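Two complexes, one shared chain (subunit A), two partners (subunit B, subunit C).
Up next is the complex of A and B:
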């Protein structure tokens, strides 16, 4: 009795404190994004107003110019005039290719490394880790000269190859640890049930690996999608992906409106990420092997 | 049993993980349709041996033949085996039905045939009601039965069972034990069965192999293993409660220790033979006669009763013979209690003598 009321006493303030913390944290974390999104429908004179910051909220100048507090002029400028749609398509090509290639090699390699008892398997993983730990820009600067010489600088496939190289160690590690959680006996019982190694992998192991594949795929997607170092140095003007394109909007502030193009395209580039995470959050669950073994 | 051809033949099998030697120079011949039980303490290499036979581990030396074919380097799927894993290893993403039929689909068995085989296995194992569930929704015992079913539906020459009944309650275990025995009598497949349970071993086996540290100590019928164990380890391992051991020496026809002198003239000496020197005398608790019955025995001695454990049909008594522990079994109706003195009798013909140093049976 007394014990129960004691825990109740303690938990109420604790509940308030944790709720308050989470609430404040949410605001702090989400505010910049909502602020940017709000501002993207204004003109520069409002959002970057030197006289009064509240102009960004009320949109005085926007109303004065377009008769309404919200305007899509920054989006139109970025997407139509500045060909941001082309950057979006390039981003799509790069990210999808990077994800597909990294996951293909990652699942095959991760499975092999997880099941291998050879000593060099671990050495491989350590080498991969070192490779991954290097700053991306060191790899890029090493690649630049050969790429110029081979005359493959500037094209999307080149960027894809470099991004896969950077991402692959991580996917290997991650998928390997997911495979390690799939009991070896599952492979073995599939083998005894008449499967070849390949069939065991496809019919028995992969179906329980989806959460791992999706989680790893999501991380790979984010790496490729958000990359700046590689895409900015390797792609030419015409083949730019979204992030370097946004950076180039920011880089030319002499003309009014370009910084607003950056704001609008930042919002455009962020929106798909929300959708992606929301769609896949259900799949990022562990414990799909529950029931396989004793317990 | 008529075992003219051998079904599984293990010849000089060696297996080591790095420097850890798990199996050393193992030889076992298993006859066509034979039921062989592997019995041994935990960690002695039983699962490892099964994995070698199944082809899941690459052997370090020696050969494995199944049905007269050298399969040492064949893939598991080409060996014609079915296996029940110690850890079940059910496919978590499939229903029970999916688990049972997976191997059959893989072997391209006709749909109707799959249906009927799954149905029969489910009936035998009492899992008909669970067919549409996923393994995660089953209890440990139910999972184990599914694992057994997955092997049984398949049409293979050799079944490998790794402690298939270990997680079941006593009643279900007894009924499945009978089912497995019945299945074996119907199917006449060769079965290799690992267990810790002596009753399972005794009741199911055509022959039992007692293993210790990766080597077979004795391979024989349950009766041979029980009544003439080749060494002290086997004698102590088989039987519950386990055998009493008294150390003494053999001189001529007599076993002499501090507490007893037995004439061994009726002892068979079917091991290494008669040999004077330091020996141990093994007496099974169930072969000790008590009270009236003891008077007919060639050797009698008085024992103090320390602890009495009634077990229903009989009662286990922990006594002491001048400080040495002495276990024996009396009828369940017995009125013995702690502190009593009781006369017990031993028949030397039913005892075992072991050399003290080599531990081999004399």
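Up next is the complex of A and C:
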């Protein structure tokens, strides 16, 4: 920020207040994750210590039982004994499919919405906005009976297509705002040169749209990966993805004292999100602001 | 763009939304007008030496056959909407006429599941919104003054609560505030009360979940405001400085008006997301003290015998709530479009 440094001189109290505020926020935002990650390598008697919370840091009981302050017992329990690997595979299938299909449908639709000046195009956008606001669980209660009847309840493809549809309103809005930034003249010159609309879209517009597509893809990924309402109610036990699987641990293992399985699987499911933010921080920031700053 | 081309391009997306968003809404409405089939009962008389006794039992086979034949159940009209678990007109008017004070009436209404969930959902939505806006804005101002390297680190950390799976985020916090967890233990120490538990009282549970909501949503407001700050024209700020405006005045009269449209955007998105609050109630295991509209629908659907009629009625009422919430925004957008 050039004008910041040029025109603003900060007073010391303000500087201290700002630094303190940011420092506290950093702890509030990030510490819970590091704490849980650290604790996932302990046993329950340490992470949920009845006597002293510092046991979770030093791992006294873990050392006493396994001879070392860190143990992968919880991970083994979750991934091997409780078949968390299967949920991870299901999550992978669901998220990859949702992202690919959402983007295919979304780029076509978003392009049409960005280029059409007709009133029905705007009406469609408003309808999409209303659909975007629907709580997902209200839609789920409408799916179940028809899905039972059609005998498609419980399978991964069903969850995938449902998530794609739920994702569409948001994808359309976001991709439309990216397409609006691609000058119309580009399409028009392609059309003049004898391309059809489809060819102009594939060979002229899409090549300059990749940043927008990647950003939108990230958010489609997050929606599919983070979903609980749809996956918990539409998938059967065998096809569960990670999030409903973790929820099912809570019901069964908390009573058996195996809450550490849930802690380990929570950390496992968080890891990909960490990597995602590390790699794509810039895209996420630009995506969050695409709809807002550019109008 | 020619009409035909437009519809060809929009078709895949449009059909997906039609089949899996528009039709389910119709399906929910139809379901909400029906109620589960009655069990088929068999009354049999068994006579013994001491006289005859009538026993009633459920004919499982006939009940299953009836369910297969009419999966929707019986037509019930708006009966489900008015029963005790939903709008509960009778109970509300009874609470009103039998009230000894207004607080007593409120207590009576808060015992009804639908109103309990509605009040929590609205409280969560409207209490968290100002905090999210204020905190996000302050954070954006603070981060904007940082060195470039530090900015990256702070933005990374800030994005974590936002992109985390809501269920996982609430579990992580839930384990920390557990009576045996680090925050729970610290609070017991501070208040010198070994019995203190954030899960015990409704008030504390509400505060915990709303705090989670602020933690989860503030990063979004932050990012939007932060990006907005980058576009505030430097010349305007400079001329304000030359005119002798203090830092506070520059923020108040230049920056805030400039960011005002973004406030509307953040509010809109946050209201939509807050209104469907659901995962934290599962994650914090809070359903005894706090329920939301989404949670009671989920609860109806996860019973042994799924209550489609009841879930449908709550869903329709929730959708009406969303419509009311969105009406001003939709109306304004449409008006702008017409005049543009």
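Definition applied: the second predicted complex is superposed on the first by the 251 of 295 C-alpha atoms of A that agree within 3 Å, B and C clash if a C-alpha of one lies under 4 Å from a C-alpha of the other, contacts with A are read in each partner's own complex, and residues count from 1 in each chain.
Keep this in mind: contacts are C-beta pairs under 8 Å (C-beta built on N, C-alpha and C of every residue); 3 or more make two chains touch, one makes a residue touch a chain.
These numbers were taken from a predicted model, which means no experiment stands behind them.
In the superposition on chain A, contact of A:104 is made with subunit C only, not with subunit B.
Once the two complexes are overlaid on the shared chain, A:78 sits clear of subunit B and of subunit C alike.
Once chain A of one complex is fitted onto chain A of the other, the partner contacts of A:185 are limited to subunit B, with no touch recorded for subunit C. In the superposed model, A:134 makes contact with subunit C only, not with subunit B. Once the two complexes are laid over each other on the shared chain, residue contacts for A:264 go to neither subunit B nor subunit C.
Contact comparison for subunit A: of subunit B and subunit C, C touches the greater number of residues.
Contact with neither subunit B nor subunit C is seen for A:174 once the two complexes are overlaid on the shared chain. Of the two partner chains, subunit B is the only one touched by A:194; subunit C is not. 288-289, 291-293 are the residues of subunit A that lie in the contact sets of both subunit B and subunit C, per the superposition on chain A. Across the complex, subunit A meets subunit C through its residues 1-4, 6-8, 10, 14, 18, 21-22, 25-26, 28-30, 32-33, 35-36, 39, 47-50, 53, 56, 104-106, 108-109, 111-113, 115-118, 121-122, 124, 126, 128-146, 148-149, 161-162, 164-166, 168-169, 171-172, 197, 201, 222, 225-226, 228-229, 232-233, 243, 246-247, 250, 259, 262-263, 266, 269-270, 273-274, 276-278, 281, 284-285, 288-289, 291-293. Contacts from subunit C toward subunit A in the complex involve residues 1, 3, 5-6, 9-14, 16-17, 19-28, 31, 71-72, 138-139, 142-146, 152, 154-161, 163-168, 171-173, 175-176, 178, 180-182, 185-186, 215, 219-220, 223-224, 226-228, 230-231, 234, 237-238, 241, 247, 261-262, 265-266, 272, 275-276, 278-279, 282, 285, 293-294, 297-298, 300-302, 306, 308, 311-312, 314-316, 318-319, 322-323, 325-326, 329-330, 333-334, 337. By the touch rule above, subunit A contacts subunit B in their complex via residues 183, 185-186, 188-196, 199, 203-204, 207-208, 288-295. Partner subunit A is touched in their complex by these residues of subunit B: 51, 54-56, 75-77, 81-83, 85-93, 102-103, 106-107, 134-138, 140, 143, 150, 154, 167.
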